[in-house]
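For reference, the structures are reproduced in the following blocks.
Both of the next two complexes hold chain A, though its partner changes from chain B to chain C.
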Partner chain A sequence: MEMKIGSKSNKIKYYFLVPALTVLIFMTIVPLIFSLGVSFTNYSPTRIGSWSFIGFENFIRTFTDSEIGTSFINNVIFVVVSVTIEFVLGMVIALLLNRKIRGISFIRTMFLLPMMVTPVAVGLMWRWLLNTDYGLLNYFIEQVFGITSINWLGSYSLAMPSIILVDIWKWTPFMILSLLAGLQSLSQEPIEAARIDGASNWQIFRYVTLPRLKNIIFVILLIRTIDCLTRSFDVVWTLTNGGPGLSTELLSLRIYRLAFKFWETGYASAVSWLYLLLVIFITTRFISYLYKQEF
Partner chain B sequence: MASITRRNRNKLINIGLNIVLYILLIIVIFPVIWMVLTSIKTSWQAQQLPPVWFFKPTLKNYISLFSNTSSSSNFKQLLINSTIVSLISTALSVVFGALAAYSLSRFKMKHRKDVAFFILSTRMFPPAATLIPVFLMMVKLNLIDTYAALIIPYTAFNLSFVVWMLKGFFDEIPNSLEEAAMVDGCSHLTAFTRVIFPLVAPGLAATAIISLMFSWNEFMYALVLTRRYAVTVPVVANQFVTMYGVQWGELTAAATIMTAPVLVFAIIVRNHMIKGLTFGSVKG
Partner chain C sequence: MKTTKKLLVCILTFALLFSIAISSFAAEKPEELRILYATVEAGSEAILSVVDDYEAETGIKVTVDTFPYNSLQEKVFSELTQKSDYYDLICVDTPWVPQIVQHLEPMTKYIKKGKNSELLQLDDFITKVFLDTDVFDVDAPYKQPPAMDKVDVDKITDAGFDIIGLPIQSNVLTVSYRKDLFENPKYQAEFKEKFGRELTIPETMEEYLDIAKFFTRDTDGDGEIDLYGTTLMAKRHESVMCDFKSFLSTFGGRLFDENMKPVLNNEKGQQALKYYGDWINKYKVTPPGTLTYSWDEVATVYGSGKVAMAMNYHDMKLEPNVNGKEGYFMFPGKEINGKINRGPHFGSWGLSISKYSKNKDAAYDLAVWLTSAKNQEKYLKYKQHVTRQSAYEAAKSIDDPLTREYYAVMGESLKVGVGRPRITTYNRVSETIQIAVNDYLVGRKSLEEALDEAANKIEKIMERAGYYN
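Up next, the complex of A and B:
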């Protein structure tokens, strides 16, 4: 009797995992194996029946494709510049806010809004604000600096800074709130002790506060890097759709275009596999870090 | 004397910091306010510079948004589609995720670490990397342009987040509680539903709301996997840019409707958001 109960609950703990793992395997592992297969072919839905295995040709082509090169460089610029500015701004503002403020919970809630607004709506509202003729930003710039009709989203030189600007608006609050939470969880004693010892504000920040925020900084920088790298499709699509030319084309937009505009399914699969390897390369460190924390 | 001037200086610094804070708040929420304001202006008022701040609000843009019933932009149907897809995928990911999280939090088993690692790692998967094979699979399964084509991937997208979040909530509940219930004759399942579930219900609700928001906001898969009948709001709102490039009134009305439920939800779960977005490593 006891044996029976024991063996039953032994199985149950695996049954509990079955639905979640089934969905995850069918939406990650299976598609990836499938697309690895496709990436060695010249398959295209526009010419069904006449596809063949072409070995590593698609992968070789990726490294010689100048449009992929441009998207890769754009992606690196977009991620590095956005995340760096978001972090520095977020740190400065979090330090400014780290004191007793009336209505802090209201302020926190307001800061949550930009990151929750539907990304497509973010793109649309900023298209309106950045509009060359009727946009509010150009109006203010004209009033203050006298410069008129800046073509934010339509010019080669300003399109990239514009999408970075929108990303900063959307995600700096995340940095602020995370860092503020970290700052407020620190005990005050070491800071007081350092102050009594005559340390300057900068020294306290550099040698007392910053080292103890290390873990949080590491986590939020990596989360933002990964999300900026993998989840910027919607905002950028709505703002510029990669244009003008290829000036704001990101890897995810390129993969979409290769697969669903040019219908080069085989080639697009190879590109998306290399993109996945790039992301895995960056994330492995992050996961192993979180992993050490949790278990 | 010196202490008085120091107090004055601190006061001045405080006032200065408060001004900085208010300017920041305005920058952060202004785009959203401007979007809502534009949506209740006439097209003539919307394009006035200097901007019109005081005007008689009109619902004209909203009415024309809903009265335009041409095939793919029947806005009411789009809202229904978005709601169905987000609700069902959220329900599935919360049920599946709660079972998995409970199992990972409570049971000793062989590959527990590997399973947890795999589930967490799916959060890092770039959606664009699985987009093509998922599309080909949906074509094979004849599911293109159905709700299922979106519900299945959205459930998967939310699972890692839901499992990780709920595992945190389960870990906070002492083991002794269900052991006591099981000594009293409950099975694992009834111990879960009668004892543990009520305790994690608030966390579960917050988790559900956050995954509802993610599903509601999703764009890339909806763009690729739907054509006409299962199209969700973000896909069509996007078409306003090309279709009605100059109709800022309708465009901002669509953006406002799309954003309104998300903002309400964000306010409800404000205390869990940062924790959720950082996998519990930052306690908001």
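Up next, the complex of A and C:
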């Protein structure tokens, strides 16, 4: 008798999964399969009834497309530079804040602000701050250093550093807060023990604090890397629109343009799939590499 | 009991079907019509000012949803490709037409029925604007319509073309300038001494450049230039494409030849791009941030009084604190074989019926009404860029001399304006040119390199789109 009741309730629990699974299938799995199918065609929604299967042509084209190549290189530079600087800065500030300071909760809230601003608003705000002729930044630089009219967003050499700067402004707080939370959760005993043994501050940080922060460091680097690879769109879109030329074109912008400006849905799907595979590859390699590292 | 239930279900089903049938019959005269419209680019203020009149006249409520340019384009494309029946009328920018023409309801058959002909008055539309905006061969949208002096429906249909909308707004490149500086006796005397001629409105590019060089100066004597001659819109944006195209047409060049092969890299293309680049890099008559300017930034810079002349697609105003005086003139030309050749970019907006609208007849009536002569006269109050000759006539008696001047300049510019190529790959081609011009301006590529590469890329884009089959 008990068995019977048990098996019945076992079945029931699957029924409860049905709504969630239905949503998941229709919102995620179906579009994913659709885009995979479409990537083998020359489908474009603006042309009615004229599309055909073209095999791997879209995928091959991706490797010969110089704009995709440039965007990819830009993306790599963007990710590596901004995540590294954000991490280092975040760590330094988190260590500075990790002590008994009056008004720490106020400071923490202030640090949260850039993260809470909508990305498009961040882009627009910085577009005016960095404006060559009226920008506040150029005004101060002129007052202090006497250098005039720095073309932040309009020159090849400065456009990429400028968008990296904005990304750092927006996302360093995330690093600070996560690392600070990590630091504050550490027990003090090993640090005190090290101090009694005569370790210097640097040695304490390097050999006691850092290894115990490993997990949190690993998680935030992973989150920021994936974010930077796939979701850095709005700020760049509003700041430079990928320009001048292709100097700040990231892959996310490129794919968006292919899909919703040029309406080459088939090709855009192929590029997205290759990109997805690449991101999966990078992140899994990253995970296994980091896990193997001895701190 | 069961029979009662069955009966009840039957009655309810019948009632439901009946009400659906009634409502579809009633669709002859809908309660509401919806328009998808551009916020600034096609002057939504003017349209919004009259839609209440339409409700009063006909009892049909008109809802206008407006979007800024980039979002509008996505919205229009996604509404149409999803075959949504939500919007009845859609505001369409000319470069989009080749891609979406199959989703628009041709208006020719409604026009031929003679519906609303007294409001329609096709021959009152500026012919060039009408043909460029709304006359297309639906099966071969790259084809140019036959030439005609007045809009002639039969001639259009005989040549295999259709009317796919009615023009509601026409944008053309014009120059706004600081009249107060041009009229300043000190500057006039100085200019005459330097160039041996009067400081007047420039007719040619060379004269324009002279004036731009003349006004690029340090006015307050602090050793830094604070007034620039002119603006350009060189950001990687549609604006730089239109800028380059205006220079190219003025120099007598074209983007494509008859076989749709790109020819922008020929001698004329090189001359045009070199001239464009020289203004920024050699003569430095534009503000330092020119490479980040599109139409919005140009309006701000001109408004601040920092430039003597500025080009844009609407009349620009000076901020009150500048204490200046505005004026307008046509985009300069170039003397070719003793004649001044002009080629300001022009692009216009049409109102088209969505193929998926359930109220096509009513939508047609509304489109005719919105673009009618009597309404276009009302739009003048909002400085709408009207599309009828009668409206430009009416503009001659506007009280404000400045608005009058702008309409006169715009009307003349429209007559010589050059539209965009009619290709399904326009956005790609435009992007390629934007990048090439940017690459040249920042010195990453030489003149020939930038243009040749662009031409090669465009040829590939066109080939892939099937233009050479």
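In this section, the second predicted complex is superposed on the first by the 266 of 295 C-alpha atoms of A that agree within 3 Å, B and C clash if a C-alpha of one lies under 4 Å from a C-alpha of the other, contacts with A are read in each partner's own complex, and residues count from 1 in each chain.
To be clear about the criterion, a contact is a pair of C-beta atoms (placed from the backbone, for glycine too) under 8 Å apart; a residue touches a chain by one contact, two chains touch by 3 or more.
Here the structure is a predicted model, which is why all the values come from computation and not from measurement.
*Asks:* Quick check on the superposed pair: does A:46 touch chain B, chain C, both, or neither? Answer first, second, both or neither.
*Replies:* A:46 contacts chain C only, not chain B.
*Asks:* Mind working out whether A:13 is in touch with chain B, chain C, both or neither, as first, second, both or neither?
*Replies:* first
*Asks:* In the superposed arrangement, which partner chain does A:148 touch: chain B (first), chain C (second), both, or neither?
*Replies:* second
*Asks:* Which of the two partners, first being chain B and second being chain C, lies in contact with A:27: first, second, both, or neither?
*Replies:* Once the two structures are laid over each other on A, A:27 reaches chain B alone.
*Asks:* State whether A:260 touches chain B only (first), chain C only (second), both chains, or neither.
*Replies:* Both partners, chain B and chain C.
*Asks:* Touching A:245 in the superposition: chain B (first), chain C (second), both, neither?
*Replies:* second
*Asks:* Is chain A touched at more residues by chain B or by chain C?
*Replies:* Counting residues of chain A touched by each partner, the higher count goes to B.
*Asks:* Once the structures are superposed on A, label A:216 by its partner contacts, choosing first (chain B), second (chain C), both or neither.
*Replies:* The answer is first: A:216 touches chain B but not chain C.
*Asks:* Which positions of chain A sit in both the chain B and the chain C interface?
*Replies:* On chain A, the overlap between the chain B and chain C contacts is residues 45, 131, 134, 260.
*Asks:* In the complex formed with chain B, which residues of chain A make contact?
*Replies:* Spelled out, the residues of chain A in touch with chain B are 9, 12-14, 16-17, 19-21, 23-24, 26-28, 30-32, 34-35, 38, 45, 93, 96-97, 99, 101, 105, 107-129, 131, 134, 136, 139, 169, 173-174, 177-178, 181-182, 185, 215-216, 219-220, 223, 226, 229-231, 233-234, 237-238, 251-252, 255-256, 259-260, 265, 268-269, 272-273, 275-276, 279-280, 283, 286-287, 290-291, 293-295.
*Asks:* What residues of chain B sit close enough to touch chain A in their complex?
*Replies:* Counting only chain B, the residues touching chain A are 17-18, 20-21, 24-25, 27-29, 31-32, 34-35, 38, 46-47, 49-51, 92-93, 95-97, 99-100, 102-104, 106-107, 109, 113, 115-122, 124-137, 139, 152-153, 155-157, 159-160, 163, 188-189, 213, 216-217, 219-220, 224, 234, 237-238, 240-241, 248, 251-252, 254-256, 258-259, 262-263, 265-267, 270, 273-274, 277-279, 281-284.
*Asks:* Applying the document's contact rule, which stretches of chain C touch chain A when the two form their complex?
*Replies:* These residues of chain C touch chain A: 73-74, 77, 80-81, 99-100, 102-103, 224, 234-237, 287-292, 297, 300-301, 304, 306, 424-425, 427-428, 431, 434-435, 438-439, 441-442, 444.
*Asks:* Once bound in the complex, which stretches of chain A touch chain C?
*Replies:* Touching chain C from chain A are residues 45-48, 131-134, 148-149, 151, 153-156, 240-246, 257, 260-263.
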